[in-house]
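Same chain, two partners: chain A is paired with chain B first, then with chain C.
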Partner chain A sequence: MKNLSGAVCDLASEVVSVLRDGDHRAVISPNGQGPDAELGVAAVRVLGADVLLPSTLHRHPAAPGDLRLVREAVRTFPPGGDASASTEWSHWAMREALRRHDPTAAAPQLSGAAPDAAWLSRLSWQELTHQLAVLGALAVPPAVAGPSPVVAAAAPRTLDLARGFVRAVRRRDWLQAAGAGRWLAVLDSDTSPVPATLGLDAGLDFVLRMGGADPRVALHAHAARLLRAGAAG
Partner chain B sequence: MTAHTAGATARVESAAAPEQDYADYAAHGGIVRGALEWVTAHQDRFALPADVSDPRTDLNWSMKPLGELARLSTSITRTAHTVAEHLHDEEWRRLARHARGLLDFAWAEIAEGRVLLELARAEPHATYPLEIYSAFASAGLRDEEFEEFTGALVRTRAWAFTEQQPNRRLGVLAAEHHARLPSHDDPTEVLRRTWLGSLPEPWTFDVAAGYALTHTVFHLTDWGARPAGVPADLNRYLHHWLPCWLDTCLEDQQWDLTCELLAVGASLPAPYPPDRYRPVWRELAARRAADGSLHEVGPDTEGPDTEGRDDGPPDRFTHRYHSTLAVAFAAALTAAALTAAGVPAHGGRATAFQAGAHR
Partner chain C sequence: MSTLKPETRDLQKSLEEDVEAALNPGEAQGYYRDTRECAALLLIAGAALLSPPAPRPKK
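Moving on, here comes the complex of A and B:
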């Protein structure tokens, strides 16, 4: 069995490629499954709702094969009773994405209440940035993805996240920086603006240049740039 | 080294005491006292060599430490005095007298200005004698002859176009002001050519930019005496980004720069709030050696003093004299900022700060 992190990176590369092209095509190649099918589903579980991100942001219908794999990941890896909040939330985001992209396929595992998000508002700016970066796949504008308790909890904390972005860049933690940058791209608003002095666009470009060799970094950074450019606004 | 030993004893005792609250005057008073005692115990290392005006003397290890001692003891004297007056507190009066004693020592070392005049005569177009002089002048220690000599030189075109970093240029302008000389440039314009004045992307911060930033603020505020010298956009900018720089400087063990950033926070028109600086001060205070001193960067692995200059730098003294002065400077300014917020002497939770805190 190939290692999981390699499979996650391969899948993230595919997402980046489709995201950048803007083409209407599947993220997961239909003949790319075969003997590594199990690993493929696990990789989908790790990237979560981001597997459907190109369809979400470009407002294309998702490819049936992509939907099938996301559905399978939801079914195969339900959060256990002791699952962390981030596991629960990323599972919730996959379920929500499936409901949006495939409203006819109502299944019992797609229902269920949203997990608690109140804990986010109690975190320091450093912890908040860490947690939200882990939940990068939830950084999608409500205008396209519907209401999200995590987006609502994070919305007033743009300054804290901007500080977290600075800290992550200073620590050369490109994945966290890209995740925080993506959240800032989603949350920047008149009521809670990202400080102009942050220089978010130049910052995203910098993160991409420094850390973009990691496709997970590239995924967040490209998603953020698309959002900044007005996609799905 | 009596003071040295006394300082060590005090620290051992305080280790068993309940945890300090760094929004409290006593905690900062303790830091200032420990640092000043260390400086006094090492006062001979700040003394100038007899051949200081010989061009072959390395001023980085003679005039520079003495100039920094003068600069920071001037600020600590004034700041400790402010706190003492606010609290009617004898301990802070003692600290003010202690710092003033160090300033007087430095003034005696430069023979009340004559050494600076000699240096200025040796290098008439260099700005550093005036920059050092301004620390004394701002404390009221003046030398008419030095001011008269330098006054003619600052009128040259060459002086106005000396090639220097903009933050240092601000320092020269401030020095001209303190020496009652005509100013050769507009500080507002010079400010906008500094790193900080450009309101740079905060993720580009590095150690060099950090020191440029702190010195820009020190020159704008006359080393913490005039918070109103910081324009509103810089005040807001610094409140936004100081937290991330302090966080990463602590992580990188940049103790000296952390002190300077804390001093910047305490010099702002709306001082940096205690809820943010408490954990930073706690960490910094814990990094001090038992003798009250603080080393500049990294883990404290240095051995004992080598005593005397002939052993050559770097030794324990050279790696900690600046950061020890800086921690005293930052602690005194933090205490003074508490007085500005009206925090009372005892049991003072800095509520007034939080009201004015910029998120």
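Moving on, here comes the complex of A and C:
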């Protein structure tokens, strides 16, 4: 059996492929489950709402097979009593994505209040960048995905996140840099603009060039580029 | 079949732990290119290249 990180990378690679092509096709191949079905569901849980990102950004209906697996991942891996905030938020984002893409399938496991997001405003800029990069799947414009307490908490801190982006690039932490870049692409607005001196577009190109071999980096960087291009505006 | 159940449970438990760990990674260890170290290496390499050749006895 393959390990989980390998399965997550394989799945992220599929998401990148559909995201780049813009085609209306399933992320998860119907034949791609096989004997590693449990591992596949776990990989969907780790990648979270990003499994449905191509449908969200390109405004396509999600494939039934993708929806079924996301639903299964939500049901199989609920946050436990001692779950961390990022686990709870990731689960919340999956439930919200399911609700958006499949409103008829209202199920008890999709209900539940949003977790607390106040702790984000108390983080230093370094911690904020790390946490938001971990929650990269939540970096989707509210105009597309609806209101999100995490987006609302992060919105006034574009300057902190810009500093975090530079720090991540200097540390050669490409995954964090790509996640921070994706958040900056979502949060850039007239009220809290991303500093022009950051050179976000060139920075994203650089991150993609240096770290794009990791499909998780490529996923965030391509999502950010699409957002910068106004794909989901 | 009944002997497989604990294994399946173990697998599920192990997957849950892996998922939790994957959803909460610590910050990756960053590495910088230390300017002082690079400069020192450059100076040493430069000095080695620029030093005059060892004198040879004239015939």
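One rule holds in what follows: the second predicted complex is superposed on the first by the 233 of 233 C-alpha atoms of A that agree within 3 Å, B and C clash if a C-alpha of one lies under 4 Å from a C-alpha of the other, contacts with A are read in each partner's own complex, and residues count from 1 in each chain.
Quick note on the criterion: a contact is a pair of C-beta atoms (placed from the backbone, for glycine too) under 8 Å apart; a residue touches a chain by one contact, two chains touch by 3 or more.
Nothing here was measured: the structure is a model prediction, and the numbers come from that model.
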{"item": "Broader residue contact with chain A after superposition on the shared chain, chain B or chain C", "value": "C"}
{"item": "Partner chain in contact with A:171 - chain B first, chain C second, else both or neither", "value": "both"}
{"item": "Contacts of A:5 with chain B and chain C, given as first, second, both or neither", "value": "second"}
{"item": "Chain B versus chain C as contact partner of A:163, first or second or both or neither", "value": "first"}
{"item": "First (chain B), second (chain C), both or neither touched by A:203", "value": "first"}
{"item": "Partner chain(s) touched by A:83 [first = chain B, second = chain C, both, neither]", "value": "second"}
{"item": "Set of chain A residues, in rising order, touched by both chain B and chain C", "value": "170-171"}
{"item": "Interfacial residue positions of chain A with respect to chain B in the complex", "value": "125-126, 159, 162-167, 169-171, 195, 197-199, 202-203, 206"}
{"item": "Touching residues on chain C, where the partner in the complex is chain A", "value": "11-12, 15-16, 18-20, 22-25, 27-28, 30-32"}
{"item": "Complex interface listing, chain B residues touching chain A", "value": "199-203, 205, 237, 240-241, 243-245, 247-248, 251, 359"}
{"item": "Touching residues on chain A, where the partner in the complex is chain C", "value": "3-5, 8, 38-39, 42, 45-46, 77, 80, 83-84, 86-87, 90, 130, 134, 168, 170-173, 175-176"}
